[in-house]
Amino acid sequence: MVIKIIEFIFSPFLAFIIGVFFLGLFRKIVARIHQRYGPPIIQPLLDVIKLFHQKGFSHGALFDLGLILSLAGSIVVVLFIPFGGICPLKSSGGLLVILYTMLFLPLGIALSGGEGANPNISIGISRKLILCLGYEVPFLLILLSTMSFYRTISIVDIVNSQKNFHWTLFSPLFLSGIAYFMILPAMLGMRPFDIVSAPQEISSGPAVEYGGKYLGLFHIQHSFSIFIMIALFVDLFLGGGENIFYFFLKMLTIFFIMVLIHSVFPRLRLEQALRYLWKWPTIFAFLGVIISKVVR
Amino acid sequence: MDEELKRKIEKIYKDTEVEFPERNRMVVKTKKASTLSILEFLKKEGFRQLKAISCVDWIKEGEFELIYHLAPLNSPLHVMVKIRIERKNAETETILKIFENAKVYEREIYELFGIEFKGNPDLSPLFLENWHDLPPFRKDFDTRKYVKKTFDEIPSVEDRNERT
Amino acid sequence: MNLEILMITAFGGSFLTYLCGKVSSKVRDFFAVFISLILVVFISCFYGKSQTIHYFNFFNLPLILTINKLSWLFAIAVEVITALSVIFSLSYMKNKEKLDFYYFIMLVVNASMLGIVLSGDFLSFYIFWEIMSWSAFLLISYNRGPALKAGMKYIVMSIIGSICMLVGIISIYTSYGTLNISQISSQISSASSDYILLISILFLIAFGIKNAIWPFHTWLPPAHSEAPSPFSAVLSGILIKMGSYGFLLILYIIAGLNLFLELFIAHWVLCWLGAITLVISTFIALLQNDAKKLLAWHSIGQVGYIILGITFGTNLGFAGGVFHIFNHATFKSLLFLTVGAIEYRTRGVRDLNSLGGLIKKMPITFFGALVGACGLIGIPLTNGFVSKWLIYKTLILKGHPFLAFAALIGTWGTILSLYKFIHNIFLGQLPEKYKDVKEVPFSMQFPIVILSLIIILFGILPGIPLKVINSIAVSAGFPSLDVSIWGIASEKGALNMINIFATVLIALVLMRLVFQMGEKRTRISQDNNYAAGSYIPVDKYNYTVEFYQPLFRMIKPYFRDFVDEFYSKIVKAGRTLSDRTRKIYCGDLGYYVTYIVLFLVILIAIKLWGKVW
Amino acid sequence: MDRKNILKWLKEPGKMGHKYSLWAVYFCTGCGIIEIPPTITSQWDAERFGVIPVATPRQANLFMITGYVSVKTLKAIIRTYEQMPEPKYTVAFGSCPINGGMYWDSYNTIKHIDKYIPIDGWIAGCMPRPEAIFIGVTKLWMMIDKGAATGYIRYRKNYKFYRRNQEKLFGKLPWPPLYPVDEKENKNG
């Protein structure tokens, strides 16, 4: 019982650390690609400390509650995702519950942003929801292909059935793996698809009215969502890792590739992003589902 | 092409004189009364683009000089129609009917020189904030006096604080 | 306490309210509320008991009233939703005219729905079905103008439906001599499968029209948006569910699902019909700019989930489908009541492009709309999530990933459209003309709060309704589902709502503490906003027009209501045809005499020269 | 540069946080903005000190007045300054904000920016080079350390005078005062 409590406290904390480390790494790699020295790796932590010492402005009760709800939702999702052997909420919900609790993230930000009563925020939120719809089409097909391939809806079973190196990526489902890899930048909100928080166009979208500790919470929530998206990929397609270190290594490689893609591509318009997302990734995911039905 | 244009203008408008100070430059000096008809004529001749309206303040002769810069779309020739209006209560006819984009140019000249353009619907202030003085571009406007009156008048916050 | 008294109180009560209306409006309002609450109490004391009464003889045909677990569940849902909407309409309809007629018809609809659910034989089923259709028509066209056209469309399609049902009933009577549902269900299994197919098609058309499945859905959007809000809450909350009750009746009691499963084509058609209904109508809802039309299109969409749940003969699917019927009843009527509250306060404005910022003025209505929207989307901790989870599990484990994909994409369509609904009405800048809007009176807040509590309670403790549904499933011949108070425990992926609720609560409290750690925040008004350094005066910063503009450009041509256009083409063709015949059949006597003479001449000619026979 | 000094971080995280993550509002007020891109890009990377440009004043705590301030831009500067969260610092570039510089007698530039919004640091140079900007930033660190960068406290304390100066220049301002200004004292003030 005590291990369970430790797991409950440990995994969100670990997720936060990994997420913040990834953000710091992200800024360092992008700086090095620009041939400049770049901030220290722990710079996001310093930013969050500073932001918690600034007096923010609030537009109303929902402005705070929405943000808190989105952060709490991301913590709950982290508890559901098996993370190198530890998965606190193993028994009480499978992939479908993860999928639906992941709705807390965009909805919380959307509600609190809506209260901020600023056109930039609303444009940012409508872009975010459209982009979410865009990448959900292939994402749902991918999840369905893995679920119907392993005949279960609990993610722990999927991870366990990928023991000793026959990962789903190398199994007949490699097409859905490729599709997931193609939509990962959209899910992380990285450069080819950072239409949502475009600083030049809509002055950082939903985060326009966030100052002080609101921005701090927004950054923490962003780090959690990066952790969630990549951990889901590693769990479904790369066998989920025996212990935390292997899991972290796999996540690091995936994140590194994502950062390289981020610093090379310009930002797409929303229609181009949708056309891309509904073309090749969806075709691969569709074939993946057919393969999962045929091969089973 | 420019010579026969010159002859044509002088044939129609008696009191205008046309000269070519340099290559591709044509200056048409006319009276205030015939500006609208000359602009209409030049527009038909192919000078369809009103590039700008500028104004010169000849304070000694007590006159403003309005210059309409026209340009055709297909040749480098640049025409300047110059008219003179007196300084006291300077006002002239608007040319919105011929060139719609003249609205903002006239509004600017009204704000900075004080020339009234009769018929221009919107002559509200464009650049200056909370301005109650002479139009600033006139030669008789003394900027140093204005600065002393508006900016140096405002006390700086610090010494206000020390004294009380 | 037998069923006959129940029906008498239901119908008699409605008539009495009409009489009280003559006396004084206060007495009538009080009496209407009293009747609906009494009916709720009567029904709830029938829990668990089953009883059949033969109450009338119609030319030696026994009319039977019976109650079992399934009909009890529907009956309690009917009563609760109607009681809440009657309470809501107390102050909503305050300054409208013809209120006696309104309350009378509202209670007649309630009584007829009760009759449908309790009827034991097809004849009384049909009689109450007609009463319900007609009284619903009267209420849909209550406020004149476009509502008349919507009512006409509704009544024409429900007549077609009831005619099909009548043909089905007559064919059953001729082949089996009895109309008693329980006797028929035992004898029908011996009939040939294509006879069963014919019967179920006839009945499914009738219930499909009432249930607004995809090809027969065109009456629903105009009917729901033109009806007065309390009644459109009843209409889309419960009246549509009579169609699903008919589905359950046909699939499980008459045809028996294993029979139906053998007719592979019908089963496959029904599933894909449900999936198409789901996807197309949710995305059409996305494009609507009128709040009630948006919700009406969602009513059609959610029926797709119910169909997907019911037509798979597993106990999970049955539980998911039936549970979703009641979830949809709760959050759909809640959403319609909130729109009614908005209409009440903004004097009839429900266009999504001109509202905004009402959260500051109407917090309780916002809470109701938010909980209703979360229920409709299926956010965890609401009952919508549990029923959708059950339906998805059946779809995936039965090996239909593409149907599950259609359902999941439908969820994302609901998310986008309901966020537009909440954002355009409650969030954003408050326009100048709604500055003095106040919260709705208590009699309108009470149903909104009750329904939100039901949604959250059944979301956190899904065991309560699932136990009842499980007992129905067992009585309908399904293997029992190990249901406990917190959810479903099963080897292939369990659902434990209490754990989810506990973790979310703890996470919320923790994050609130983290939020408290930061510096104190200052509250600012809506005009102190970032506008790149410039100051935006009042009312110049409203911006809720065309919320998903980029998406509309891409999906607008594909998601139109083709069926509606197809039907209007048929209507136009019919009208041109009738115009043409008017030329011939033009009404003055001379022409008719010439036609008769001509006809006789032709006959004689054939007789003489024809030599044909 | 005591960023690595953990002890200081634990003692006063607020001050250290504001020192090593100065987020500047990307708002070009005058001719000096041409110096900002080279400071934040690869030649003189400002991000290594934690200084990054952000899109909105809500997220920023450093406001750089780069170059001369025209009367019209002052309105936007005041509006942006008031929208920044509380511990905020302002740095003015060049001599024009100090006393009008070469526009000393022009009718449409502000002579003493200090009369309208508080300024913490001044960087000399008719558009200081990136190295000068870094020196300015380090000076700002020292001021924050000593607690001398109190522009925002001065603004809150003397808001009445700042507001009066602004209204003397612009007439009636459209937006309400940031801090409550009691009218009666303003008359005889």
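As written, the chains take the letters A, B, C and D, and residue 1 is the first residue of each chain.
Going forward, contacts are C-beta pairs under 8 Å (C-beta built on N, C-alpha and C of every residue); 3 or more make two chains touch, one makes a residue touch a chain.
Please read all numbers here as calculations on a predicted model, not as lab measurements.
Chemist: Give the chain pair, either A-D or A-C, that is connected by more C-beta contacts.
Modeler: A-C
Chemist: Quick one: subunit A and subunit D, Cα centre-to-centre, how many Å?
Modeler: 37
Chemist: From the mean C-alpha coordinate of subunit A to that of subunit B, what's the distance rounded to whole Å?
Modeler: 60
Chemist: Take the average of all CA coordinates in subunit B, do the same for subunit D, and state the distance between these two points in whole angstrom.
Modeler: Subunit B and subunit D have C-alpha centres separated by 39 Å.
Chemist: Would you mind listing the residues of subunit C that make contact with two or more other chains?
Modeler: Each of 519, 528, 530, 532 in subunit C touches at least two other chains.
Chemist: Can you pull out the residues of subunit A that are in contact with at least two other chains?
Modeler: 51-57, 203, 208-209, 212
Chemist: Can you list the subunit B residues in contact with two or more other chains?
Modeler: none
Chemist: Taking all chains into account, which pairs touch?
Modeler: Contacting pairs: A-C, A-D, B-D, C-D.
Chemist: Within their complex, state which residues of subunit D touch subunit B.
Modeler: 71-72, 75, 100, 104-108, 110-112, 114-115, 118, 154, 158, 161-162, 165, 168-171
Chemist: Could you pull out which subunit A residues touch subunit D in their complex?
Modeler: So the residues of subunit A touching subunit D come out as 27, 31, 34-40, 43, 46-47, 49-57, 199-200, 203-204, 207-212, 215.
Chemist: Enumerate the contact residues on subunit C facing subunit A in the complex.
Modeler: Result: residues 357, 359-360, 370, 377-380, 385, 388-389, 392-393, 396-397, 399, 401-402, 404-405, 408-409, 412-413, 415-416, 419, 422-423, 426-430, 487, 492-497, 499-500, 503-504, 507-508, 510-512, 514-515, 517-524, 526, 528-530, 532, 541, 543-544, 547-551, 553-554 of subunit C touch subunit A.
Chemist: Tell me, which parts of subunit D touch subunit C in their complex?
Modeler: Touch residues, subunit D against subunit C: 27, 56-58, 75-77, 79-80, 83, 86, 174-175.
Chemist: In the complex formed with subunit D, which residues of subunit B make contact?
Modeler: Residues in contact with subunit D: 127-130, 136, 141, 143-144, 146-147, 150-158, 160-161.
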